[in-house]
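Each structure below appears as structure tokens.
Look for subunit A in each of the two complexes below; its partner is subunit B in the first and subunit C in the second.
For the complex of A and B:
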């Protein structure tokens, strides 16, 4: 099921290739010269392990490639390898990611800079192969840096940035790159593949220094801490996550300088917001139907914008609140659920409301929308219905705080 | 605005690459001609199973594809059946707008195959091409049931996977391009590994034309 790749040489040393989001992540692993990779198949992440496997088989990539007996071992193996100084890559999807939960919990706690790819997939039951964000969001409180990308180029670039930030001595926290199942993992796009020289310039070698687990450097990893030390160690994780925003900004600035590709604000992308009355928000490939709908609505004179949250952890609350304060109302489209949460809203909606509540500036009303669960397509008319409701809220008319969109009656 | 959907029906594992080669080469040619195009597999078919029906999609447009995240081709203008017996059993004509093209890999004539096609009134043309014969594909041509066994070995797989359309996909691509003009012959031909089968198909394919339908 691997997709044929047509690579076209360009004049510069960079190349352009027609590849899927999963292939883009695999190419990033090759460029980052990852040392240890563990794999265990689950759709849609399995396409990444296939592409990496192919790169290894073709002699294009040199790494230790281990097929584990399950996701828990998969994540444990790279965790230990990473403690021993290896640059590692891992990934999973949906229930596979959840099966690794115990390993996912200890990875940030041990300050392991693992980079993982989550091919977002709905959690069972009932079984579904399509996208939902609840799998990656399950680790949102644990110290994982979480990012959602919406195209293959961004997937490749963000993977390189993830290694740079995670392995920074000031951080040493894992990072999970979320790619929407099917929509991003399985669809092709033209991707600029940077030269190895530029990547080497951007990405220093992984160096654990005095934290290296090695016979020449006898240290204890994962001891029992109890009430004696656990709280201080948690506080160190807190401080590392606090520094993550700064290190991310540095990394994006360097990325722009070396690769000549700027992402503007690293934390969220704004689309048609300059003159917008209202904005919609969301994460991942939701951006495609939303942008199409916005272009159509603007032809009808509706000034609608879009803010796509890229980094969910760390969450750029102050910057986001400052930006959202410019608009009359905000509609957040969640591709996830959080049953029993405040106002029964999705995860992103609750976070956006929290960010706005403590901000000094204006606080536009925030409506929550749950859409596209189980991989259901979010259509252009769906987005228009969302915008209509947000416009009503902007006019001061009462609207439900949480609405389900595209639901069969 | 010109917008075309191509859907290829094939059989999992044993003819998966053939189906993929058709949509990938047509999509890549369209991009080279300056159009917007995408090629993809039917998400829920993966991972495919031996002999199970699987679908591959291609979309070509003069403008940016705004439906690129839609899972399936809902209104295929062109349908290809990579294996002839697929003509029975499922509704590959579903959603086809009037004026469509159906291309079947078979040694039978279009006049004979027409009786199995559900909803033939939507067709502008029915094309039959004996792709397995033209590509000298002995397993597919004589002993379909053994094809699965043949592909259980990975012998030759690496060499084969590097080529685009080394066997039965080549005549089928020729039939798609000649009967529909979806891309230019000179754009796609350099990509095709089995040029002999491709060119033979151009003269040996059988086209049954129906009354043209105003679109």
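For the complex of A and C:
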């Protein structure tokens, strides 16, 4: 394993380090002073467990570091630790995340503010290890807050924000931070590492309060219940997820105030949209080829913009619909699939269309594109082909609702 | 729209499940002999069943498909023509393990409907147990020992067909004796069973129960909280530890009575209860230790009082007690309240001793399920005699 390239400095001084997205998450865990971490290797998530392991071994971080015998136990252990008041971290990738599915379903139901990293990976079979978003998206309906980041700095910052929001008593829901396999988990970039003092100012201690599982606060957690109880329990989770948008906004505002780094709209990033005719959309690291392609297209006079969804749950439908209403057409690039879904498109496309359906304002046509599956590169010409099709739709010309891009055909 | 019929069978979980299912299925099949359509089902919340837990099976029958669907559109019937209790102690009320609260045995009965109980008791004794009901209904007692005919190995004592015969008499519009006899022979190929049905048909009679008859106690209730009133995270605060016990005569305090869930009583699971001889108790603690429901209160003098708010009647205390007849299980029909035996003993020792002797003598042990090999065979002659007389 590569040697960590940052060194401990004084508590009050920010510093810069050349680290991967996974390492950035590990640093966030250290700064957040996480109490219990469980691990079980699967590429590309395993990079984060290696980095945390190294921090512990080097005496830079103090936590219970437990290597489980599989992902199901891995997530169950931190779930229980979190119920006992421990700040926890966990993570996985692809089918490892799916193997933990039972634990993943009960975690939001029990209002456990677990923070997890998903190193996005294609689901088996075939046993591929490149990025696809279907792993994290599998929990989209269950009460997990889901966020996609596109660079190491954002990974670190978002991890801190995730703890702040998840552990807020109004929320108490888990959060999964998605980092694209390879493009983010395995590539090093310069990252500003905030001082411990600032982090302490931003992130209060985790207080489980009345839900603390402790001999001094004897409670029974997760009993059986019949139909007299389940709807009310689900309604409570609904309310918590509803509040999440508000608490996220508060956290981003505080983050800006304390760290001096603003993310603008917390839910989605807009790039070159002010004068755009059409926009492309997507999540994660495909933002890089898209942005490069947009710069080239703009030289040719094509006014193309980009909207990168950051928070997928909660989904800022009203704000997104308001933004998209400004454009003539929208092309959504999904690094995932949803076979048999209404338009046989990816998941994000369906959700964007849904967000526009009930919007009061204009509803531009939305085209779906499936690209970059299994870690295949999304190239600049790919993006230009997408934009050409979206322009056709903007001109009122019929286009297929879902297209595969970068496919040998 | 045609006529809709609904019948419920209240039974003791597991031990009587096969019995209840045979009854509800045969109701549907017999009605179908006459061109009606029906379904037979158990209450999902009671599954998987626990030993002795009151559970319910239903038969719904309609003259035609559309009528039947009216009945099927409900999770379970809101009112029934006949309630069948295949264990008379169920007349004290029904609380299933999935916690729907304590329901009076006659809760679902339509006005003028029939409560059919298999029992050796007279109607007056049954009425002491059943809660009062605002509308009048009929009470029919089918004479017989309570049938714990089993789940996997069905010890056939004809309780199923006797009940079916009685239904043909009580609700003639549902099916005739002839139809149900055909279904009995079709299913079990046993003309003697068909004959048993006919005898029950001939003999069953009922008394009318007025609104002022029955147990006047209001069944305990609880309010379901709204979603924003409930605690979050599917977490339930524990029950507080409890307190000392006060002696009703000296007012001295001591011992320990654990606090118990005020709404989840579970005692309708009981078909028998322990009666305790406090004079012979050697304070060995075994009943208190072994009770799976922590039902024993510790008295100031260190005796153990089985608290009837918490006792499920499993009989473990009797089994572990080393002193002969210090703890004795007695049929639940012998009791009309859940009062403390220890307090009665403290208030009037002589009267308690007489009460205790009478209970042990007149209401012999009968467990749900059989506690030793051969117990069923031992009881067969008595069952036959009661049925023959009935």
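The rule we apply is simple: the second predicted complex is superposed on the first by the 399 of 409 C-alpha atoms of A that agree within 3 Å, B and C clash if a C-alpha of one lies under 4 Å from a C-alpha of the other, contacts with A are read in each partner's own complex, and residues count from 1 in each chain.
Methods note: a residue touches a chain if its C-beta (ideal position, glycine included) is under 8 Å from a C-beta of that chain, and two chains touch if they have at least 3 such contacts.
Since the structure is predicted, the reported quantities are computational estimates derived from the model, not experimental observations.
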item: Contacts of A:109 with subunit B and subunit C, given as first, second, both or neither; value: second
item: Partner chain(s) touched by A:18 [first = subunit B, second = subunit C, both, neither]; value: first
item: Which superposed partner A:43 touches (first subunit B, second subunit C, both, neither); value: first
item: Which superposed partner A:220 touches (first subunit B, second subunit C, both, neither); value: second
item: First, second, both or neither for A:273, with subunit B first and subunit C second; value: neither
item: Residue numbers on subunit A that touch subunit B, as the complex places them; value: 1-4, 6, 18, 43-44, 46, 129-130, 182-183, 186-188, 285, 288-289, 292, 377, 380
item: Contact set on subunit C toward subunit A in their complex; value: 45, 98-100, 224-228, 230-238
item: Touching residues on subunit A, where the partner in the complex is subunit C; value: 109-112, 172, 210-211, 213, 218-223, 225-229, 231-233, 235-236, 239-240
item: Complex contact set, residues of subunit B against subunit A; value: 16, 20-21, 24, 28, 31, 38-41, 43-44, 46-48, 66, 68-71, 161, 164
